[in-house]
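Below you'll find a set of structures to go through.
Each of the two complexes below includes chain A, the first together with chain B, the second together with chain C.
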Partner chain A sequence: MTHLCLAAGFGLLALAPVYGQAPAKIASAGNKDWTMPRTTDGHPDFQGFWTDASVTPLERPKQLGAKEFYTPEEAAEHDRHELVDRTSWDRLGSQAQVHYDMSQYGLDVSLVKVALTRRTSLIIGPEGRIPPLTDEARKRRADQAAQRRGHEFDSAQNRPLQERCIVWSNTGPPMTPAAYNSNLQIVQGGGYVAILQEMIHDTRLIPIGAQPHLPSNIRQWLGDPRGHWEGDTLVVDTTNFTNRTNVFGSTENLHVVERFKMVDADTIVYEFTLDDPTTWTRPWTAQLPLTRIEGPIFEYACHEGNLGMPNTLSGARAAEEAAKKDAK
Partner chain B sequence: MKHRLGIQFALAAAASTVFFFVTPALAHHAFAAEFDVNRPIKLRGTVTKMDWINPHSWIYIDVKGPDGHVVNWMIEGGSPNVLLRLGFTKEALPAGSEIVIDGYQAKDGSTRGVGKVLRFADGRKLFLGSSAPGAKGEPDK
Partner chain C sequence: MYRRTWSAARTERTRTASVRVPRDPRLKALWLKLTTPVTDCRIRVVRKARFVRGAMVVVLTWFWLGCAFPQAPANRARTPDGHPDLSGIWQVLNTANWDLEGHAAAPGLMIPLGAIGAVPPGLSVVEGGSIPYLPEAAAKKKENFAHRLELDPEVKCYLPGVPRATYMPYPFQIVESQKQILISYQYASAARAIDMENHKKAPIDSWMGWSNGRWEGDTLVVDVTGLNDATWFDRSGNFHSDALHVVERYTPRSPDTMRYEAAIDDPKVFSRPWKISMILYRHAEENAQLLEFKCVEFVEELMYGHWKKKPSQ
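What follows is the complex of A and B.
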């Protein structure tokens, strides 16, 4: 595998050719002859289908210390190990060793396109990890855990948002890789940029311009985004999250700044900075490539077939009945 | 490949079931919340229908028990979007197909489960992925 170093606007980023559906079908990347595609208003044209599927961890493994990039040889070995040697569930850290989608029936994430990077973690900088929590956030997290304990399966409302088909963690902001269907479509026009995430079929509609954010009493699951162009970089500033939107433990005070910059015809470098002084001791930034894929995006009607929720709750009720019998 | 007819439950010695509550990025829901890793199942049966619904597909199979009684099982499968992109079409598993599924039963003890490995009765694997890097079409053990 060859890696190509690209002097991207955000610093050195190395991208490998992406994997096609067949392992032998390796696309070329880093075409130096490309020219920035532009919409009729002159801004970069990001429209099309993209994936942020990744085998790079959000946080850097501690043993790597401050090492922010692998060498090309190390990156090749890392990617080979992640994509070939391990099952998806080894990779994703499931305790169950088995689950649907990627490792089921012979499927595996190595069969889909993966956006590779030489970064050792998506979080940039010498630490490469989410900063320490504030004292307030530590107490909040402990209180929430204590409240949840023993009530995780009481009702649908006690289950995580993605199980309830309300918000998927990759939808963003910030957009982060999902375990599967990590695909998105970007559409531009009429003073807006729209980002449709396949999981779980949410569209972020981002107005471009200088309009102020919504009044602070209006809160939205995905926040209130405002976009503007800094040269050829699209910058999106999002505030006004709800107090139930939880991004790595954040609160309604979360402030997200995203930056999109196309570095070749098939690659957008996507960067996000998260700041929530009531959660983290400092802001933190991550960067990942978006790699162009063939469309289309398929519908993902999550509520329609969410049998997982009744099955989970009925399983919990059955366990409670069994415990009662054992107690007698 | 020989498979016993009917239902074969291998109830493993009960290790503690692992619940993982906060796994937002992994899957639609926690495997251990819905299925019991201590109740592995092997089912041989005939496909009656397949629901192509998100977040997970469901395969329905008629399974004849040792007593001749037929029970319809529901087996959870992958997201239709993933299946379709990797070549699993609506024609891949028509009603009437005889298949063998290794998986795990639902925690509530119903005739529902999740599939791990699926083969046609003659031993053919369903998936094209068996020879591809990283594809793990075989059970772990």
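What follows is the complex of A and C.
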């Protein structure tokens, strides 16, 4: 019975136009004869392992003014300086030479594949900087800083989200370069685009379609994503953040729109726009490349291996005891 | 001629046998028509033709119904390369996470939780009923059970390992593509990537292990190695060593259910390999979605509360 249907079906298929087979020649800085890989539903195939490791700062150095792009020679010199001249602890701004030397673990950006760009900053546009804060945000920040002062080590809840292993700030959305392990894996199937990020093994499950977002009373650390295709660009709209997610100081009103566009076999241009009217006076957009890597993604069992938290807190309590004794 | 005579004679004999003939004239006419053997060849041919025509109508209708409303095969959805598409949101409906072995209901460990904290009953998911511990290991299991509040890694929101992640009381989502199958678990945002193409040896131990997958007919077979010894199988202290080797089998059995089997091999703890088996049920709600259960935040007071700064006098 099934065979009869298949026989009839094949007959019809032979007459149907063949979708998703037309190659899309996209001009890129790299290979001009490149053909967009596609999944069988005709959409671009982004699957594989990628890195957003970068030596480009989020905000443009002030002395560069409105200069948005380096010349190829300037870019090469900038990248060489970042990757070769500077040390791991220079980049991380740490004084502790042993602990923060990522090169001893093979994790420093000078030792891994880096997504290079000629941009002078990840934030695009003539200013290349995060826009001014609203008055409300300025006050909020001042209040929060005042509350924190002197209480940074009181409890686990006073430590940054990363130290608590709740959520890694580079996971996003939006995804931003991390000091190390800036790795992600994309898998497409079942009507979803899934992005598994190495730290902290978070998977963003992005449904493709027009389903509405979660109701406003359900908030999530990573928000609630909804995706759709605009031609060959994947557009992901994320809302429903918690009021503690804190992307560059944002609130629960944060709205993130991301765009993924493949420009050659090994490069996806990733762009994100952040909008939070209770934090910034206007939305702002950054763009960074994702570069293909060999993979795989390794397990980052942050919470399971979190000796830092008990050590930090018990150390703070011991320091207080010692200070009390000295005072006597 | 002979046939006609024989038939006529037979008809006579039939008629004289003890058979009840309807009295109503119309029914009688019909009865006679149906019971009288056909002697006229032309009538026979016509009846044969009508029979064949009727049979063809029935057969063609059957095919049409079959094509228009196909019987849903056990694995209705398939990926373009012909394998079952396991993509979707799944969850178990058993109490294996409380205890893999059969268990009656029991009071919980926290009196204030009352019935909410009590242990629900459940049948064993272990083939054969019980787990074949080596003697020393059986003693350790008893000790684990006695101290489960301190020792069960789930209490601290630690990653559950394999196979426990499958039967936690939370949904998980499978995203299937040809080269990689991703499984994302709602519990603690645990995740696994199953490599369907480039099978490599586990480079290092991890909580969720190293998964190499392949298809055997319509069954997804996942070979899991590199599991560390820090996870438990359930909340009752059933445990393993770092020699654990798990082989999972995911077999669709209907559009919305799968059979899940996990073969457990750990010669340091068990006297022989053993197996668990259960059904996975698809979340068929239109708006089904995995939500965040980031439980690390919920255990901070438990794990770090005693290092909190005391309020100053």
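Following the convention adopted for this analysis, the second predicted complex is superposed on the first by the 287 of 328 C-alpha atoms of A that agree within 3 Å, B and C clash if a C-alpha of one lies under 4 Å from a C-alpha of the other, contacts with A are read in each partner's own complex, and residues count from 1 in each chain.
Assume a contact is a pair of C-beta atoms (placed from the backbone, for glycine too) under 8 Å apart; a residue touches a chain by one contact, two chains touch by 3 or more.
Keep in mind that this is a model prediction, so the values were computed, not measured.
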{"item": "First (chain B), second (chain C), both or neither touched by A:314", "value": "both"}
{"item": "Chain B versus chain C as contact partner of A:287, first or second or both or neither", "value": "neither"}
{"item": "Partner chain(s) touched by A:205 [first = chain B, second = chain C, both, neither]", "value": "second"}
{"item": "First, second, both or neither for A:279, with chain B first and chain C second", "value": "neither"}
{"item": "Which of chain B and chain C A:194 touches, first, second, both or neither", "value": "second"}
{"item": "Chain B versus chain C as contact partner of A:182, first or second or both or neither", "value": "neither"}
{"item": "First (chain B), second (chain C), both or neither touched by A:218", "value": "second"}
{"item": "Greater chain A contact set [chain C / chain B]", "value": "B"}
{"item": "Which of chain B and chain C A:153 touches, first, second, both or neither", "value": "both"}
{"item": "First, second, both or neither for A:51, with chain B first and chain C second", "value": "neither"}
{"item": "Doubly contacted residues of chain A, that is, touched by chain B and again by chain C", "value": "153, 165, 200, 298-299, 301, 304, 309, 314, 316-317"}
{"item": "Sites on chain C touched by chain A in the complex", "value": "62-63, 66-67, 70-71, 79-80, 85, 87-88, 157-159, 173-177, 179-182, 184, 188-191, 193, 195, 200, 204, 206-208, 230, 287, 289-292, 294, 296-297, 300, 303-305, 307-309"}
{"item": "Of all residues in chain B, those that touch chain A in their complex", "value": "18-37, 51, 53-56, 58, 76-86, 103-104, 106-110, 112, 114-118, 125-130, 132-137, 140"}
{"item": "Residue ranges of chain A touching chain B (in the complex, touch as defined)", "value": "21-23, 83-88, 92-112, 148, 152-153, 159-163, 165, 169-170, 176-181, 198, 200, 298-302, 304-309, 311-312, 314-319"}
{"item": "Touching residues on chain A, where the partner in the complex is chain C", "value": "1-2, 4-5, 8, 39-40, 47, 151, 153-157, 164-167, 185, 187-192, 194, 196, 200-203, 205, 207, 211, 214, 218, 220-222, 296-299, 301, 303-304, 309-310, 313-314, 316-317, 320"}
